[in-house]
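Take a look at the structures listed below.
The following pair of complexes shares a single chain, chain A, combined with chain B in the former and chain C in the latter.
Our next item is the complex of A and B:
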C-alpha cells in the first residue's frame, strides 16, 4: 500500500485515525461526567500517547501557549466570584472560600480536559488519513473534500485578507485611527474579501466538475488506511464503556 | 422561493470551506483593525443565507471547531455556531432576509438565539466564567451583588448584540452587492432578492434538443 503521508512509524501513527478520535472523544465525554479527579489520569495518559507518537513538544507548546492564560484567568475569576462555605483567606473585598475553590478546581479541570482532548486529536490525527478513513467507512467523497479543502482554504483566505487590507491602506483608509474610523474601515476591507471568496466558489465548482468530481462510480485512492474489524469493535466498546460510565454516575451507582 | 436544484449541489457544498475560511479571516481582520468584536460568525451566517440551513449549520460547527485550534475552550461553542447557521438558513429559506423590516426581525431572532446559546453554554459548561475578557465584567457584577444568572445574560447580551448586528449587516450588504447572475447560482439565492427574469428568446439553433444539452458546466453537479 502506498502511504504518502510520512512519517508512519509506530503503532499510534499507523492506527486508524477514526479509532483514535473515537477513543479520545469517549474519554473526554466520560471525563466531563467523572469530574476533576479524572484529569489526573487523562492528562498524563494523553501526554504519554502523544509522546509515543513523537509530538510531545508540540502538544506541550499548545497547552502552554493556548491554554495557560485562559486557565489562569478562569481559575482566578471562579475563585474570587464564587463565595460560600468556610473562608480560607480574606483581604479587603477579596475572599477565598470553600465554594470558590471547589468551583475553580472543577471548571478549570473541565476546561483542561476539553483542551487536552482537542490537542491530543490535533497531534495524533493527520487530516488526509482521517478523511480517507471516513471514505473507507462509506462517507461521500464530496463530504471529505469539504473537510480537506476547509483546512487548505484558510491560509489562502488569510493571505487575501492581508492583501486587501494593504490595498485599502494604500488608498487612504485609516486602520490605526480611533474606533469610529476603524469601524468605517470594516466594510471596505470585508466586502471585497467576501465577494472575491464567493466568486472563487464558482471557479472552484467549475474546476472540480471539469475534473470529474460529480461523476458517479468508485474512486481509486492512492492512500489506504489500515481498517480492520478490530477497529470497529474497539470503537463500539469505547462508546459502550462511555455510556456505562455516564449511566453509572447519573444513577448514583458510582460516585467518583 | 429557492433554487430548483438540490441544496447539496457543488456550489452549496463549496460554501462550507469558504464560509469557515471567512470566519477565520474576518476574525483576524477584526483583530487587525483592533475592533472590540469577534466577527467570526460572518462566514457561517453568509453560508446559511446562501446555502440554506444544513450548509449554514455545518459551516457554523466547522468554523468554531477550526478556531478551537487557537482557543481550545471554543469547542463547546461549536453548537452555537451550528444553531446560528441553521436558523439563518431557515430565515433565508422562508424569505425573511428580503427587505429591511424582515432583515431587522431576523437580526433580532439571531441575537436572541445567540445570547441564549452563549449564556446557556457558558453557565452549564464553565459555571459562567469561561476565560474570555467578558468574564471579568461578569465577576465584577457578581461581586457587586448581581445574581450570577443575570450577570451572564446581561454580559452575553452586550457582547452578542454588537457582534451579531455587524455579523448580520456585513452579509446583507455583501448580498446586496452581488450580481443577480452570481446570486442565482447559490441554492437559496433566489429567495434573497426579487429577480426580474428575462423573457425567453426563441432560439434559432436546433442544438437545444441535442443529447447532453444542459448538462455542461451550468449545472454544477446537480444531475
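Our next item is the complex of A and C:
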C-alpha cells in the first residue's frame, strides 16, 4: 500500500521548514548589510547544507541556469554604465573605472545574496510541509490554500497555454513560425487563458466547498511537521543575531 | 406525505423557484420534491431543463454561491438551508460536479492527498483518514495512481478521483451531477457499481444523468424536469413508459426502442422492459427459446462481454469509394516522456466516408486524431492527406485540410460571442467578408446556433459549447473532420442534431471520423467502426460485424449495444444490425407474434 507520508531520514529535510526559512531570511537580511564579503561564507555554507539534504544538483543547476546569465549581464551593465574614479582600462568608447567596478560588485553581490537565499529555500523547503507548518502555527487554512495553489497552478497554466495554442493550430492558424507570427498567436491565446483560469477558479471554489473547505471546526492532516519549543527558540535567536549585526554595522561598531 | 414522513425526509423541497441574475426565465419553477433517506432519485431532462440548478440547490450552492432570486424552501435532514452556511452542509451532503477538469482541489500533490483533503477538513483523526483513504483507493482501483499528481491524470481518471474523494467522506446524502460524461463504458459501469455500493450502505443518492440504462437500472424514482418544472415523476418503468417522455427531449433506455421495434413487427409483449434482460425474459414468456440449453441466461446490461481471449486484429475493409483521402501508414507515436500512445496503426478513409473510433480511455484514439490533424508528428510511419505527407506542412497547414473538434470545448473557445468564435479562424486566414459570412451562416444554421450568434459562449451549457466548436470547424470547410467525444453530455435533441450534422457532412463529401464511447450511437449511425485498444487498431470492420467480435469487444472493454445483446441471447450466429432479421430469429426460436 502507498505510504502517503514517506519517512524522512535527513535531519535538514526533517527540520521545521519555517525554522529553515527563518534562518535563511535572517542570513539574507544580515548579508545585505554586511556586503559582498558575506557571500564568501554564505555560498559555501548553503551549498554544504543543500548537499547534505541531497539537493546539490538542483541548487547548482538553478545557480547556473538562472543566476549566472543574470549576474553576468548585470555586472557588465553596471561596469560600463558608471564612470568615475581611476580608469583601469579603456578601449574605443568603453571605459572600466573604479566607480563602475565598485557598483558592479555591490549590486551583483546583493542580487546573488537574495538569489542564493531564495534558491536555498527552494531546495530545502517542500511546499506541503511549509504550508502545514504555517497551519500548525495558527495561520488560516484559506491563506495557506492560496499560497499552495498559486505555486501548484503555475505548471498547470503552462499546460493550459499549450492546449490553447494547439487549439489555434487546429484551426489552421500559424503559431510557431517567425517572431511576428508567434506574437500574433500569443495575444488571442492570453484571453482564453485568463477566461478559462477565471472560470476554473469559480468551479474550483465550488469543488472546495464540496470538500469542506469552509466547514467550521477543528481540522486534521496526515502530515505533522515537528514543531518544538527549540524550533521557536532558534528562530528568536536568529532574529536577535540578525538585529545585532544590523545595529553593530549601523552604529559603526563593526565595519565588515 | 404526512408530517412524520416529512420530518424523516433526507431532502424536502417546497415551492422552489430560482432565477439567475440577468436571466428572464426562471431556471426552476415551483419544485416540490421529497426524498426519503436511502432513496435513489435520478433527475433527467433535456439540457437546460434545470437539473444541475436543482442539484446545486440541494447542496446550498444555489443561491449562496451562484446568486439569484430564490423562492420556496430546501430542507436537508430537517435543516432549512436558508439559515445555514454552505460549509456546514459538508457533513450531510457530498457533491460531485459535472466537469472533471476543475474538481481537483489544486493543493494536493498526490491522488492520496486529494482523497484525504476533505477528511482533514472534517476533522477526522489521521489514523481514520489513512484507513478510509486506503479502503477507497482499493474500491475504486485507484491504488496504482495513489502517488501520481491529480493534475497529470486524464479526464476519466480525474472523474474517478473526484467521485472517490466525495465517497470517502461518507456523507449520508450524495448529489452527483453527470459523473460519467467523460468515461468509457467499462469505467462508467465501475463508477455506477461504486455509487450502488454506497446506496446499498444506506446513503441517499440524487443523480443527474443522461445515460438512461443506468438510470433505469439503479433508480428507485425518476424525476423528469422540463423547462424548470417537474414534468414527470415515478418509478423508472412509469416515467420511461410515459409517451410524453420523449417529447421532453429524453432518450429512452435502448431496450425500450428494441421493444417498440419488435411490437411493430407483431410481437405483443406482456409488459414494459427497461433492460435487455427484462426484454429477453418477456420474449421467453411469448415462447422464444434462448440459445443453448433453453435456460434464460443473465445478460450484462452495462458491462462488457467477458471472454478471456487475446484477439488477433480483425480487418475487414470494403473497397474505398475512390482514391483514399486520408492514409495512415504504419504510424507510431511516443510522447516526449517515453510513453508510446499509438503503435503501428494503418488505415485509410475516402471522401464522404463517416467512421467511428471506439475504445477505452487511454487506447490511443485522441492521439491518433492529433496525428491526423497535424498537432502531433508521427515518431515513425506517415500520415497522408490527399496524397501529401503531413510532414510537408506545418501543423496549421495540415489543420486547414483536417478540422479537429477537441474533447473539451473550453480548450477551443476564446471569443466573446458565438459569431466571433465561428468567424475567428476565417478572419485570421484572410477570407473575404462575403465568403466569411456565407460560411459562418451555413455553419450556425447546421449546428442550430443561428439564434445564439450574439451569445457569449461561456454563458451557454457545455453541450451547446460543444456545438460552437463544431460550427467553428465546419466553417473552415476542411476535407476531413475529426470529432472527439461529441456525444458526451448531449440530450436527445443534441444527439439528433449531431446525427443530422454527420449526415450532411457525408453528403458534402467530407471524410468524418468520430471518437465516441456511445455504442448505441455507433451501432445505429456508422457503417464502419474502428476499435482501438492498447495503442493499436484491434478491428476495422463494417459496424454490423464489429459488435459480434466478442474477443475484440472484450479486449477493448466497450459495451455491446442492446441489439447485439438481445441477438446473442436468441441466436448463435452473427445477423448484423437488421431489426427485421432479429424479429425473424426471435420468431424462429418459438416466440408467438400477435
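Note that the second predicted complex is superposed on the first by the 233 of 256 C-alpha atoms of A that agree within 3 Å, B and C clash if a C-alpha of one lies under 4 Å from a C-alpha of the other, contacts with A are read in each partner's own complex, and residues count from 1 in each chain.
FYI, contacts are C-beta pairs under 8 Å (C-beta built on N, C-alpha and C of every residue); 3 or more make two chains touch, one makes a residue touch a chain.
These figures come from a predicted structure and were not determined experimentally.
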Open item on the list: Output check: A:99 vs chain B and chain C. Expected answer is one of first, second, both, neither. What do you get?
Closed with: neither
Task: chain B versus chain C as contact partner of A:241, first or second or both or neither - done: neither
- [ ] Scan A:73 for contacts with chain B and chain C and give back first, second, both or neither.
- [x] first
TODO: Quick one: classify A:249 as touching chain B (first), chain C (second), both or neither.
DONE: neither
TODO: Classify the contacts of A:204 with the two partner chains as first (chain B alone), second (chain C alone), both, or neither.
DONE: both
Open item on the list: Quick check for you: in the superposed arrangement, does A:220 touch first (chain B), second (chain C), both or neither?
Closed with: second
Task: Touched partner set for A:170, first chain B, second chain C, both or neither - done: second
TODO: Return first, second, both or neither, reflecting whether A:149 touches chain B, chain C, both chains, or no partner chain.
DONE: both
TODO: Considering only touches as defined above, state whether A:195 meets chain B (first), chain C (second), both or neither.
DONE: both
TODO: Using the superposition on A, tell me which residues of chain A are in contact with chain B and, in the other complex, with chain C.
DONE: 145, 149, 152-153, 156, 175, 189, 191, 195, 199-200, 204-206, 208-210, 213-214
Task: Contact footprint of chain A on chain B as seen in their complex - done: 8, 10-11, 13-18, 20-22, 24-26, 28-30, 32-36, 39, 42, 46, 50, 58, 62, 66, 68-73, 75-76, 125-131, 135-136, 138-139, 142-143, 148, 166, 170-171, 173-174, 177-178, 182, 185, 217, 220-221, 223
Task: Residue ranges of chain C touching chain A (in the complex, touch as defined) - done: 59, 61, 65, 85-88, 90-91, 94-97, 99, 101-107, 109-110, 112-113, 116-126, 129-130, 133-134, 137, 143, 146-147, 151, 162, 165-166, 169, 373-375, 394-397, 399-400, 403-404, 406, 410-415, 424-425, 428-429, 458, 472-473, 476
Open item on the list: For a test of understanding, state which residues of chain A touch chain B in their complex under the given definition.
Closed with: 66-67, 70-71, 73-74, 77-78, 80-82, 93, 103, 106-107, 110-111, 114-115, 118-119, 122, 142, 145-147, 149-154, 156-158, 160-161, 165, 175, 179, 182-183, 185-187, 189-191, 193-195, 197-202, 204-206, 208-210, 213-214
Task: Interfacial residue positions of chain A with respect to chain C in the complex - done: 1-2, 4, 127-128, 131, 141, 145, 148-149, 152-153, 155-156, 159, 163-164, 166-177, 188-189, 191-192, 195-196, 199-200, 203-222, 224
